[in-house]
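Chain lettering (A, B, C and D) follows the sequence in which the chains are written, and residue indices restart at 1 in each chain.
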Amino acid sequence: MNRVDMKVDLKGLEMKNPITVASGTFGFGREYEAYVDLNEIGGIMVKGLTLEPREGNPVPRVAETPMGMLNSVGLQNPGVKAFIEQELPYLSQFDTKVIANINGNTIEEYCRMAEILSNTSIHAIELNISCPNVKEGGVAFGVKPEMVFEVTRRVREYSDKYLIVKLSPNVRDIKEIALSAEEAGADCLSMINTLMGMAIDIETQRPVLARGIGGLSGPAVKPVAVRMVYEAARTVKIPIIGMGGIMEGADAVEFLLAGASAVSVGTANFINPRASMDIKEGIESYLQRKGYASVKDIIGGLRF
Amino acid sequence: MTTGILSKIISNDLISSDIYRIRLERTPDMGNIEAGQFFHIKSQDSGAFFLRRPISVCFTTDNEIHLVVRKSGKGTKVICEKRAGDSLDLLGPLGNGFRLADPDKKILLIGGGIGTAPLLELARQLENPHVKVLLGYRKDPYLVDEFQKYSKEVLVAVEEGERGYSGYVTDLLKQEIDHEQPDCIYACGPEVMLKKVQQLGLQYQIETQLALEERMACGVGACLVCSCKVKAEENGWHFVRTCKEGPVFSGSEVIFDE
Amino acid sequence: MNRVDMKVDLKGLEMKNPITVASGTFGFGREYEAYVDLNEIGGIMVKGLTLEPREGNPVPRVAETPMGMLNSVGLQNPGVKAFIEQELPYLSQFDTKVIANINGNTIEEYCRMAEILSNTSIHAIELNISCPNVKEGGVAFGVKPEMVFEVTRRVREYSDKYLIVKLSPNVRDIKEIALSAEEAGADCLSMINTLMGMAIDIETQRPVLARGIGGLSGPAVKPVAVRMVYEAARTVKIPIIGMGGIMEGADAVEFLLAGASAVSVGTANFINPRASMDIKEGIESYLQRKGYASVKDIIGGLRF
Amino acid sequence: MTTGILSKIISNDLISSDIYRIRLERTPDMGNIEAGQFFHIKSQDSGAFFLRRPISVCFTTDNEIHLVVRKSGKGTKVICEKRAGDSLDLLGPLGNGFRLADPDKKILLIGGGIGTAPLLELARQLENPHVKVLLGYRKDPYLVDEFQKYSKEVLVAVEEGERGYSGYVTDLLKQEIDHEQPDCIYACGPEVMLKKVQQLGLQYQIETQLALEERMACGVGACLVCSCKVKAEENGWHFVRTCKEGPVFSGSEVIFDE
């Protein structure tokens, strides 16, 4: 069988294939090197970074829900400087795009991180304006169009790196949010981050998560994610990296048809450490079976 | 390049109320298995439960691995109801194992409930004639006969039941420390038990190794949901990963909350 | 064993037990009479009504998703008048609360329906300001606090019936929405309606639903629903009827602990036509096992 | 008061490529079963798939019901992989059945693919010596021998295969209408086939009964997702429920979209 062309061009970021791994679900890559050849992944969104190191939230930080999970890691990470010194050299060995996911409590923090990262070998910045776990910031930036515009515009000033803005699904209208990010200068959108949810242990009568509320991910959210990608793709001209519950090739194809130019694999890694590869192969065999020469041929191909 | 290993169930026996011993085929890609390590388990009929479940290795032979599982929730129910011939999808072995003490050391193993399981493989691997084992159960003891094979003595405590000392296994611990003056205590069981072991270890300056439980997602160190608080220079503490730096921690480093 | 007291008092609406069946999932009751003694249900939210009869959306109207389903029925119903003439007499035979779910394209339509229903034997009106399937109205009312306030306040003027406002989860901040409904005179909140989602058939490359986007319900949404009920319950003083993915007694208990005074069973009816009864019994045996005398003892009982 | 009935599988046999015939125990609470009715099926290991799946009754005896299921997606895969001794959770029988024509009428049955299944029970129940059966398959025919027992003649059409007429079953229909002048045509199969049957029925003024498929949730008439367009005085059409007013509709009332 002929190999199909899996290259994607996110208007400024070219990837050898449309598979990325989602921030917070793939550590800094090392943890999965025994399972996946990192050279085979289009791009790696690293664990969410903050300006200073963070220990994150108390445990339990995870709850299983029907076809999904809640997490409240709360951005445990070594800080942007430790990332550059200790993790980036490792990641830079591989032929994959390194995408730094940044999280600030203030616009200034976002800008400062963008500035610091601009002088490194990372390929892109992913502006996480939607992490629901950080009390001080996160939510506020991601859910109001004005704020999305403001934080994106400011960060844009501090960095020439390819800028991905990661959108929160906990909004009234994803279209206006997507548009704000585009107008403020984002090169790309990634979506969706987790939906806010809660699970209660009825024996102890306490929330399963120590922090009560956490972020829902996994197959349960896929219909919401596909819908939002579809709505955003019809609204903006910049490319979209779609994610939310992608477990197999068929799920990824849904996102591509809905208008995503690439996809990201998150929670699936936890169940199948080779999920990213299986999904890549799943897309390939779909394309082959349907007779497409390139993955680009199905992006946004949804018909009514 | 490994991923989850499909391993066939050789037998699955109920060995106590709600406790199952599952014998599985050991495959070469599992490599070396240390006592204290765990497998992260998924059922093939995906959809039955979502996340993998961490289960310790209880016993190994050249061709088999044995798990002892307590049927408690959704996932362990599915796992425990599998029959001979069915397969489980095992990721692992994962985590660190117990650091094996030299064979001339005096060793005390203390296990509570399902926490007794990983100590059996430990007892086997220690190959040490000075091992003494304390086992605590709520009601019906299990695995006791086998522990006897790998130790000089086994004491059993039950909270409600006939066999052995009637009370908590930690009640036995104090007197055994006085009596045996062990060089090292290995413990696995409920947190209250581990706290007690830690406290006595510190008090009597005995090295303790504690096998902890924490809710996990990835099991391989990537997701950071399984954090365990350990002592650190800066700030007094920091979080490490139970699935990667653990599940076995030194009693001198773990910080139990309140 | 002693029977526990299952009566709940929704401040103006007393029910023999906290079990209701959700609008759109139980028809007008008749369809389930072979399976459930309708006298045993606390309250029945009837199929969403409109002023005029509606045929609804084209088929397919349903898609299965991971632990959930999408629907785009689009309010097929015989209209409020036919309901009163043909369905209400049947429902009134039973010792259960009949709750009329109303849907308008305009505030005037809502008011008109409330007025018409005021002179009937129904026990409560459920104002559905959140149905995502009706292009003309629905969404707009439910997602902005000002609109929620306005439609609730106006309907309140037209009817003295117990007024339940049904909230949409497709919002930025459920707390401000809940507060608006309370301030405008709602007696009770019911939540959540469906999340907007989409599923794509990758073979045909078309959406599974003829209308593309539909409403997600079932266990997949439970964590979002529990979280929203929890947030709303801490914000308003009026009672809440919680729903979203309740399949068994344990799920219902989660909602009660989170602060709901009653629950509603929706999608579960489709999988198990006796779900409402099984859930009722599940709550009872939980209460008995835990030694509670009344279901009221666990409402809002979540601890941290 | 009935709910889903747990019914045990007596046998499950592959009768053609991806086609399974599942024999289940018939229980008294199933009551009377009409040809054309369906059971709404859930697997006991809930989580495997979410909504129930509608499957027609293919054949009944006093003690058994037979389903013929095509393994196509997630749900039918699980159902088809069940083994003798396993149980399925059946809700039903649901829907209307075919209206049985008098035994003196000349009857034509036409089935396409898996749509042949419900016609077998119909043929049995019709108890009519004048039944002629047209069966269309993509490749390998099934159930043909049994149809022969309950009819005077069976004609088979295959799109790609050896046996019978090579082409669409609807190709046979026209010539049979001319030849037999049937009083009533019963049809089940893909929509294009049903459209053709409807059209010929109207053209030759023959009564047609068409068994339709539509995606379902509740199966009992409550959720209104399974709407089927039928002719009506006002507005020309209105929606009725395939699960309740159907799945069998008169060809004179159904409106197929474009």
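For this structure, a couple of remarks:
Throughout what follows, a contact is a pair of C-beta atoms (placed from the backbone, for glycine too) under 8 Å apart; a residue touches a chain by one contact, two chains touch by 3 or more.
Not measured: the values here are computed from a predicted model.
Chains touching both chain C and chain D: none. With each centre defined as the average position of its C-alpha atoms, the distance from chain B to chain D rounds to 55 Å. Separation between the centroids of chain A and chain B, computed from CA atoms only, is 36 Å.
Chain B and chain C have centres, each the mean of its CA atoms, that are 46 Å apart.
Inter-chain spacing, taken between the CA centroids of chain A and chain C, is 33 Å.
In chain C, the residues touching two or more other chains are 63, 65-68, 218-219. Taken residue by residue, chain D touches two or more other chains at 47, 49, whereas all remaining positions touch fewer. Chain pairs recorded as touching, per the definition above, are A-B, A-C, B-D, C-D.
Against chain A, in their complex, chain C makes its touches with residues 63, 65-68, 70, 143-144, 170-173, 195-200, 202, 205-207, 212-213, 216, 218-224, 226-227, 230, 245, 250, 253-254, 257-258, 286, 298, 301-304.
Of all the residues in chain D, the ones that touch chain C in their complex are 1-4, 42, 46-47, 49-52, 74-75, 91, 214-228, 235, 238-239, 244, 257. Contact residues on chain B toward chain D in their complex (touch as defined above): 45, 47-49. Against chain B, in their complex, chain A makes its touches with residues 24-27, 31-32, 34-37, 47, 55-56, 58-69, 71, 73, 76, 218-219, 267, 269-274.
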